[in-house]
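To keep things simple, chains are lettered A, B and C as they appear, and every chain counts its residues starting from 1.
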Amino acid sequence: MSNALSLAWRTLVRRPRRLLLFIAGVTVAAAVLIDMVMLAEGLQRSLSDLLEETGYQVRVVPKGTLPFETEAAILHSTRVAAAFSADPRIADVVPLWGRTIYASSPGAEAVATFGYGAPAGTAPTLRLRVGRTLERLGEVVINRDLAERFRLSPGDSLLVGLEPDPAVGALRSRRVVRVSGVADFMFAAAGSATLALTLEDLWALAGTTSEPAALLMIRVAADANPYAVARELRGRDTSVDVYAIPEIIEAAGDRLTYFQQLSLVLGTVSLGVAFLLVTTLLTLSVNERWGEVAALRALGVTRGRMLAQVAWQGLMISAAGTVAGIAAGLIIARYLDGILTSFPGLPVNLSFFVLDRNDALLAIGLLVVTGLLAGLYPAWRAASVNIAAVLREEIE
Amino acid sequence: MKSVVAEARALHRTYMRGDTPVRAIRGIDITIQAADYVAILGPSGCGKSTLLNLLGGIDIPTAGSVRLLGHDTRELSDRRLTRLRLEKVGFVFQRFHLLPALSAAENVELPMAEAGLPRPRRRARAEDLLDYVGLSHRVDHRPGQLSGGEMQRVAIARALANKPALILADEPTGELDQDTGAEIGELFLRLNRDGTTLVIVTHDTSLARPATVVHRMRDGALQTEAKP
Amino acid sequence: MAQPLPELLLENRTAVNLEISIGDTVWISGLDTQERPFVVVGTYRRPADPSTVTLRDYRATFHLSDLQELLGAGDRVDRFSVLLRPGASRDAVIAEIDRLAFGADALATEKVAAATSETFRVVSRFHRALAGITITGAAVFLLCLVVLKLEERRLEGASMRDVGISRRTLFLWMFSETLVMAGIGTAIGLVLGWVGSALINAYFRRLYDTSMAFARVTEELALLVAFIGLATGVVVGTLAGLGLVRSRSSRLRQL
């Protein structure tokens, strides 16, 4: 085999400029393919990672909605949560609620923020940066935007309330809370002011007595299967939707069909382009070398080796294009991700382009197979050359 | 008694040109014996190349048979036949057909590599062969850097690579000027004196003169004249 | 006599999903208010707003006072739309509202539109970046094809030079052929793009039940594509033409 391989190599590099041009073509195609493979499931993966990071594997939401998609709420959430907690397979239940509230600090104008409410002592969607999480009533955890805007650090106080009342000239039902920590909010829109109060405080602020929750987060016991738990809870209460993490990703899936279709179309086109490039180049190269091919066959190179020699060339071009394409693709993906993650309202830590090992292998495999298939026709032509006829034509 | 390297019996080769059959070889019997120097002469289109291809197992007869080193070429699979050519037959073409990507030595090594000879041994043998054809100073040159005569010498060295029982050459001086052609002729003669069996198709009388057997062909048939 | 029930309009998708038809009575409650009955007097399509088209939420439209009651929100609203008298200065009104109305922000219509259309600016930037990549790929592809053609042509070109055909003719030969190739490719691309956009629209209109257009081959876009395609053809064609003319016959023979 090594002879076919080295011959393939030597034949290719005989026309270095042409070779480089074609490899550049395959590189662009490979880069696009890699990017499309990253994009197809990237957002889902990234979202899934974020959801997994909370440590809670099951979400309960009002029927027909996704977490925080609408203002729909599960009422009397304390009771609902307690009922769920009784299940031995459930280790923990955290209700979360949220609504727009206003924050201001003496001398500064009030700003609208998104206020989360979580039970004291829990903060599954926060990444604390300074201070500590909510431990008692009257405390607030703020995000860095808010901390910077009002120059706040743990221990400082902050005025929170509902919308400004023009009749009074102040925030409705306002109260003073104490900053216990500054945190990144995993699911909050990048660059927007966000804070978290205890659920009780948020309910009191909003003047509601029905204990609404937008979402219940459930951590299952170590030996329990999240799917099974979700399935059973779903059966138990038909006014809610219950999702294990992969199920929620799937439910959100049709928001993302666009990316999947785009990836499918562009990915297919790029494979087609790679195929055409390799086939054209090799067909031409075989045509140019007709005499050489016939002579080699006459000298004793078998059909199989002849086939292998041309097929190797296809593989080499696609391999070189793939390697360069992966590098280029990763760079392009970063650039494109930079564009897409500037979508307003998107959490900071999401990515649209995520390289999964299996998908990377899939893309590489597709490219290699494409290179191989593309080489097959010219290789077959070379292998089935009519030796005598070609040698004769060469003289004429 | 000399051994038979190749023999053809009641050989026929008919090509189809569209619907018309072209009878290129019409009933030839020929025997090539070891250490023979056979020259085949004849007007253009009389079937010389076709005969050579049939003898070398590049082409298969329509009727009759070719026995090459005891094997009937029609009965071998393409794979076995290719292997037989690789190990027992050397070809020299009018157009040399060296691989332009490879150096002179690498071109000579090619059939040895194909036959599975380990690298150091084939390199040494390639150098010996190039020395034999008078090109020891051109070992690492590419075909593009060689003259026509030099290229043909490389091609002859390549034909000798696997110590073939038979060398077939189709107008090996057809592309060369007279002096260069004469030099190639001398090389062939030396080859034959050193024991190589040669069959050469040629228009070149200087190549035919030293032959031990000369066949004249006309319309696909032989008119043999044995030399004294 | 019983009071007539308050009315509401139901968004189409919601009505279909919940299997509610006009004339039905639905019970609706707010966060802290009692459930109360409404009669469905009509359905409507949600506005073709790209920023909400992918949402699957349920929607209904109420009389303002009914909604305020339902939410227990008192006399509160999210926003006012303000129509100015002819001749009034918009900026002056905005400044006045900002000064007078505590907690309210007055915004000109374009500003609101700009804020909600940010998403689409991002999408369009993304598409433009992809277009850049595809154009690069297409140009390399065309270059590859032309290089092959050129190599095929070299011998022919040389012999044509030998029989006295001028460089100009040779150049034009290669150039026009490349241009025609680019032209045909562009035309096929436009047709594919047009068919593709029709398919995309059909698919997403069905998926999201909307009348919105998701992809459109506008006249300007078609012209731009034609321009880029032909410009690429001109550039690559010039390179190819020069390549053919420049090669000397002696060099050509070797190939």
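To be clear about the criterion, a residue touches a chain if its C-beta (ideal position, glycine included) is under 8 Å from a C-beta of that chain, and two chains touch if they have at least 3 such contacts.
For clarity, every value in this text was computed on a predicted model and none was experimentally measured.
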Between which chains do we find the greatest number of C-beta pairs in contact? A-C
Chain at the geometric heart of the assembly (C-alpha centres): A
I'd like to verify one number: the distance from the centre of chain A to the centre of chain C, where each centre is the average of its C-alpha atoms, in whole angstrom. 23
Averaging only over C-alpha atoms, locate the centres of chain A and chain B and give their separation in whole Å. 65
Cα centroid separation, chain B vs chain C, in Å, comes to 69
Where does chain A touch two or more other chains at once, residue-wise? none
Touch list for chain C against partner chain A, complex: 17, 31-32, 54-58, 76, 101-104, 118-119, 122, 125-126, 129-130, 133-134, 136-137, 140-141, 143-145, 147-148, 151-152, 196, 200, 203-204, 207
Touching residues on chain A, where the partner in the complex is chain C: 18, 21-22, 24-25, 28-29, 31-32, 64-66, 69-70, 73, 75, 102, 110, 163-166, 169-171, 207-210, 212, 254-255, 257-258, 261, 265-266, 270, 273, 276-277, 280-281, 284, 288, 332, 335-336, 339-340, 342-344
Provide the residue numbers of chain A that touch chain B in the complex, in ascending order. 3, 7, 10-11, 13-14, 291-292, 294-305, 387-388, 391-392, 394-395
Would you mind writing out the residues of chain B in touch with chain A in their complex? 49-50, 53, 56, 58-59, 78-79, 82-83, 85-87, 89, 91, 93-95, 97, 99-102, 110-111, 113-115, 158, 162, 170-171, 174
